[in-house]
Amino acid sequence: MSLLTMSGVSAFYGPSQALFDVNLSVDQGEVVALMGRNGMGKSTTIKVICRLLQHRGGDVTLDGSNISGVPSYRVARMGVGLVPEGRRCFKDLTVYENLVAAARRGEWDFELVTELFPRLKERRDQAAGTLSGGEQQMLAIARALMTNPRLLLLDEATEGLAPVVRQEIWAAISNLKANAGLTILVVDKSLSELRQIADRGVILEKGRSVWTGQFDELTEELSDRYLGV
Amino acid sequence: MKRERYLNFALMALLLFVPLLAWLLDEPFLITLTTRAVIFAIAGVGLNLALGFGGLVSFGHAAFFGLGGYAMGILAHHAQTYTPLMEWPLVIEGTKSMLVVWPVAILTGALAALAIGALSLRTSGVYFIMITLAFGQMLFYFTISWSAYGGEDGLSIYVRNSFPGLNTMDPIQYFAICYGLLLLVLFGVSRVSGSAFGLMLRAAKQNEERVQAVGQTPYRLYLIAFTISGAITGLAGALFADLNRFVSPTMLSWQVSGEIMVFVILGGVGRVYGPVAGAALFILLEHTLGGLSEYWHVYLGAILLGVVLFARGGLYGLLAGREVAHD
Amino acid sequence: EGLKVGMITTLSGGGAGLGIDVRDGFMLAVEQSGRDDIEVVIEDDQRKPDVAVQLADKMIQSEKVDVLTGIIWSNLAMAVVPATVAQGKFYLSPNAGPSALAGKGCNKNYFNVAWQNDNLHEAAGAYANSADLKNSFILAPNYPAGKDALTGYKRFYEGDLAGEIYTKLGQTDYASEIAQIRASGADSIYFFLPGGMGISFLKQYADSGVNLPVVGPAFSFDQGILQAVGAAALGVKNTSQWSKDIDNATNAAFVESFAAKYGRLPSLYASQGFDTANLLISAMGSADVADQDAFRAALQAADFDSTRGDFAFGPNNHPIQDIYVREVVQEGDVFTNKIVSVGLEDHGDAYASDCKM
Amino acid sequence: MTDPVLDVQGVTKAFGGLVASKNIDLDLRQGEIHALIGPNGAGKSTLVQQVTGGLTPDSGRIVFDGHDVGAMSTAKRAQFGMARTFQISSLAMEYTVLQNAMLGALGRKGKVLSFFKNVMRELDLRSAAELALEQVGLSDFQSVRTADLSHGQRRQLEVAVALTLSPKAFLMDEPMAGMGADGSRSLIRILDALRDRAPILLIEHDMDAVFALADRVSVLVYGEIIATGSVHEIRANPDVRRAYLGEEVG
Amino acid sequence: MSWILLVEQTLNGLQFGVMLFLMAAGLTLIFGVMGLINLAHGSLYMVGAFAAAAVAGATGSFGLALAASLTAAALAGVVIETTVIRRLYDRDHLDQVLATFALILIFSEGTRWLFGSFPLFLDRPEFLAGTVSLPFGIEYSKYRLSLIGVGLAVAAGLFWMIAKTRIGIQIRAGENDREMIGALGVDISKLYTLVFALGAALAGLAGALIGAIQSVQVGMGEPVLILAFVVIVIGGIGSIQGALVGAILVGVTDTLGSFLLPKVFSLFLAPAAATSVGSSLASMAIYILMAGVLLVRPKGLFGGA
């Protein structure tokens, strides 16, 4: 059964329309990659799902219930965890406080997330604003995990991370999927890395979902046309 | 953009039309009231340069307004009592000529703003709001106890200062002077806003780091803007004192700083003509509501609240739409 | 012929109580006169000098009033009165009496129906002598009226000063001053702290354990304020040109009708408003305002029944009147004042000799 | 060989107990792209901050174009011809894309104290700005408000502003971050051509870009430069592979 | 001048400072934590005082009066937060200034409408009347001494809440990025309503406690508001410790300034001139203090780097 579906969704920033008729579904336990060039609406789609942006047309359902008009904190409590574009750590709070602020009951706690990112443990009492770019990125991922989500939204979660760390994160994500049954919607720029972890892909072009399918169906012609690779 | 231009035109035409009509109908008070709005508009346009374009929320602009007023008051006081202002090292006489009073008021405002700004700009944000308030309050208390010039009672000037070829005691002629100055100030400010300095200043408001990275020092930009702003507000102060033929410490009180700020916000922060609309609306409200009930402040409050909540970007935001970048 | 009065007074904000009392007293007299040829235009000055000036312009230019009145505060009066009389209008002051307008700056069209600012303080100085107070500690806010107050007190007071303090205008905490009073060895206190400042001072003084006789002008012991001070004011001596127990028929009728109409006891400000209106009405009875000289003479004659009993104008158009010493007492639930003696009899002011009209 | 444009000599910087730069020597020569890579938190941005003036080194010297700039303000260094891009976009968000580009052109000319002339009509500045926007592929967005741009578009603008400064050297902190594949590719082309105008100190985690562009690569780990060399040498260096690149890459 | 008097004056300064802290605490909480400039804080102070005076007048109980002040101010806080303030969080400070300035007008005249134009009566409870004897023969008002106690207790409680509790952390997170903390599942608007109500209740409490020894009248909040802003800016916005230290600094400077400055000037000026110059300077003292502090530490004493 689909955990998340979007059908015919349109969304606006003020008067300008950013999404037109976006269709997308993510099944329980699945990893879906959302792809497209810069400015095509990937982040907007993510924002609509966690209600940082209210869509205008179409339906968004989570676990079978329609979430139009539901405030973002409710959606988060329904089990949606967000790693936003640009990290958005709470810069004046310490690493520890950043994590505590988000914590909700479940398997993930301070010990477990810092096992995944030992660097964060070292920097426990440093203000998040003074962390290095990559450290902040780790913090953003850890913070999302602290909410113990069922559906994890990763918007360019590996931006600015060193290649080794990226690999660790992809490995951890595969692990989460396999062991914890976590459902993941991921935006990332490296097609080759997405191929390795995602079950399916969705391509956005100028605010429309233009392709959905398995990665082996993603022909070179398609990826050249829509992704520029 | 176009809409904004029409709006500017309509606003200025209205400000001209009302007193002319009042003049024909022999309603001198209406002329005086409009003059008051025009003078407050000048003060607001001055503040807007710092606040709207530089993001410098000054809660102490009444100081420059009041100093401009006192510059005029003191000069005229000495002239009307025939006592020199200063005898050593050189003799300075008072004067009742606007052409001398204005530059003195402008210079006083500018120098005060330069000094206060140089110190205050070490801080930013809310701290800047409060430190400018502090300097304003210092000057306020100073004038209250400045017994040489009347202390809290202030100074009365029996007739307005003179302007060559005009009878300044005639309301419509004095209005014409103030209106002319407003036009001049607006012209100047709109040029500055579109200039290289204006572009950089407004960039500093949005992102200081960016401005530094292109080789500019925000502090210097701010200080220049603040000084010009103080100068304009000082001029407004001199005009205001002349309008009332009276200057007192009230002109330097924090409530006046607040009011000038209200004109700017009400009209639309960072819009060249915004403060004009704000001052006009505020004076209109003050005047019409005052008759309604003893508790008219409640209505005034409710209307102001309505504007903030429902008209983002003030009157200009409401009527001319979101600010469009100049191109 | 009718007469148009412009009243500019403080009706909103912190100091509104005084303006409302003056207005109510004034309008009561107008109503009781039964005349329908007096038109009163009332405007709120918000206690801002520039607004007062604007309103005066409006009243004179647009409303074309014959007489202006109503201003409560000296600094507003200083802003409005000179220009008003310069334009040939009459101004009757129901409250403020700055010295500048009593001496050199006096004007034949300016009449003060309340007091010259120093009067009540002078009477307090005289009272201190008669009560055998020899070492007063005196304090007032640091602004012109405060300085005038202490000067007025010292003009008549003959004893020594244990201390003299100027406090911040609008100050609310007086612990520091009270400590200085305690340490000074004073035998009495004289203070001029109008409005909320006086309330705060008295409450804090009552709680400080210092127990010296306190004297003040009526402004801090007025009917509108006493209830807020409560028992802390009991026994305090204060000086006033009016009191609700001044024994004459006009006053008794005024107190009764004011209380009946507005549901509260009148204050001295109300009495001043009432007297101002009656003075005006008396002048209307004998002259037409269009004939300025005749009307002025009629005002000068002060031929009306004042709530204060005897009332006359001195050469500078300021009152010559008795100033009483009152004591704060409790009558049932209500705190009020009772006359204990006359502080100064037929008292004029110190500036009259400077006035050349 | 001419003197290096930028010469960092023995720079050290500590935050409390953490030494983020340990006695670093690094230079940038005319005509080259010098890539600085290293794990997260190694001290790369900290170093750039010290070079551009955001942070003051505890010790060491920074020589730029023959001047010791170690004690100068950021603005002063920029006037000397040092252009940087930020790791997290730092733009005037209310301005249009063109206005942002104008800032660079204007800053470069230093004609800021002009109060009456309309800047947007200063054609030399304007064409410099338009050219830079064209180079990064933002020509069509000139009059879009910067706040309305997507993340990747802002990164492109960030580079464009640096271009308008026509500086003596570029310091770029992760310019590729957040750019899509085609965006990265075109940026690689731009940078490739740019090195002849001014050398570039490039911090980047995108190894495809680094390997395609860099003349020299330095590797920073825990505040220390552990290796400097050609792309080939660095790829082969086992320490670098372990500390940074990971197994699969290369 | 005796040393005892100087000690007593310092104590007075301290006590005045603590009184200011009561008012400043709520302001710094709202200002620092929610990033909101609330000029109407003085109005909440006034609401507290009027509610207390009304209830004390009707029941004669000071305890009930205090409860009333807390409730009324908190309620007023909730009402304005939900109707006005919450629309202002993501606006810039200017809109907040204008909107809360409008609220002052409404509150002040509304109160005058309800209670009339004359000051109300509110007295300290009987059991706190009079003085206690302290060492060195200082007689000190019992009521003022208890104010110091209440102020310090409030300081400690607030400090703990903001720095240590999870709610405190979430509130501070909201200050950095309100939208994000919402997306992590925290109902930040409810939280903010609560904080605002708490800040309002503190202002109301201050109004009642201080109103008992000052005058309860319309407009009473404005002078204190300015002082409270001075206090929190000196201390560093958002810092409870800062507010406490700033309040005490302001209290002591003000008290000692008005006490000592005229004496200092009388050393080299004629008595009349000395009092006049000294008192004028004394009225400026705290503003000079504030400017001085900000010039040395542009973000206040406890305001971060």
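Order of writing sets the labels: A, B, C, D and E. Residues in every chain begin at 1.
Rule of thumb we're sticking to: a contact is a pair of C-beta atoms (placed from the backbone, for glycine too) under 8 Å apart; a residue touches a chain by one contact, two chains touch by 3 or more.
Protein identities per chain, from UniProt: A = Amino acid/amide ABC transporter ATP-binding protein 2 (HAAT family); B = Amino acid/amide ABC transporter membrane protein 2 (HAAT family); D = Amino acid/amide ABC transporter ATP-binding protein 1 (HAAT family); E = Amino acid/amide ABC transporter membrane protein 1 (HAAT family).
As the structure is a prediction and not an experimental result, all values here were calculated from the model.
**Q** Enumerate, in label order, the chains that touch subunit A and subunit B alike.
**A** Both-contact set = D, E.
**Q** Could you tell me which pair, A-D or B-E, is linked by more C-beta pairs in contact?
**A** Looking at B-E and A-D side by side, B-E shows more C-beta contacts.
**Q** Measuring centre to centre, with centres taken as mean CA positions, what chain is farthest from subunit A?
**A** Most distant chain from subunit A: C.
**Q** Taking each chain's centre as its mean C-alpha position, how far apart are subunit A and subunit C in Å?
**A** Each chain reduced to its C-alpha mean, subunit A and subunit C end up 74 Å apart.
**Q** Calculate how many whole Å lie between the centre of subunit B and the centre of subunit C, each centre taken as the average of the chain's C-alpha atoms.
**A** Each chain reduced to its C-alpha mean, subunit B and subunit C end up 36 Å apart.
**Q** Please tell me the distance, in whole Å, between the geometric centres of subunit B and subunit D computed from their C-alpha atoms.
**A** Centre-to-centre distance between subunit B and subunit D: 44 Å.
**Q** Scan subunit E for residues touching two or more other chains and write them down.
**A** Within subunit E, residues 108-109, 112, 276, 279-280, 283 contact more than one other chain.
**Q** If a residue has to touch 2 or more other chains to count, which residues of subunit A qualify?
**A** Correct list: empty.
**Q** Which residues does subunit C have that touch at least 2 chains other than itself?
**A** Residues 12-13, 16, 20, 142, 147, 169.
**Q** For this entry, which pairs of chains touch?
**A** In this structure, the chains touch in these pairs: A-D, A-E, B-C, B-D, B-E, C-E.
**Q** Quick check on the complex: what are the subunit C residues that touch subunit B?
**A** 11-13, 16, 20, 43-44, 48-50, 53-54, 57-58, 61-62, 74-75, 78-79, 82-83, 86, 98, 100, 142-145, 147, 169
**Q** Please give the residue numbers of subunit E that touch subunit C in the complex, ascending.
**A** 2, 4-5, 8-9, 12-13, 15-16, 19, 108-109, 112, 117-121, 123-124, 129-131, 139, 141, 143-144, 210, 212-220, 223-224, 255, 258-259, 262, 271, 275-276, 279-280, 282-283
**Q** What residues of subunit D sit close enough to touch subunit B in their complex?
**A** 52-53, 73-76, 78-79, 83-84, 86, 90-96, 98-100, 102-104, 106-108, 110-120, 122, 143, 145, 161, 165
**Q** If you look only at subunit B, which of its residues touch subunit D in the complex?
**A** Checking each residue of subunit B against subunit D gives 191-192, 194-200, 202-203, 206-207, 209-217, 221, 224, 323, 325-327.
**Q** Which stretch or stretches of subunit C touch subunit E in the complex?
**A** 12-14, 16-17, 20, 142, 147, 164-170, 172-173, 175-177, 179-180, 182-183, 195-197, 199-200, 203-204, 207-209, 224-225, 227-232
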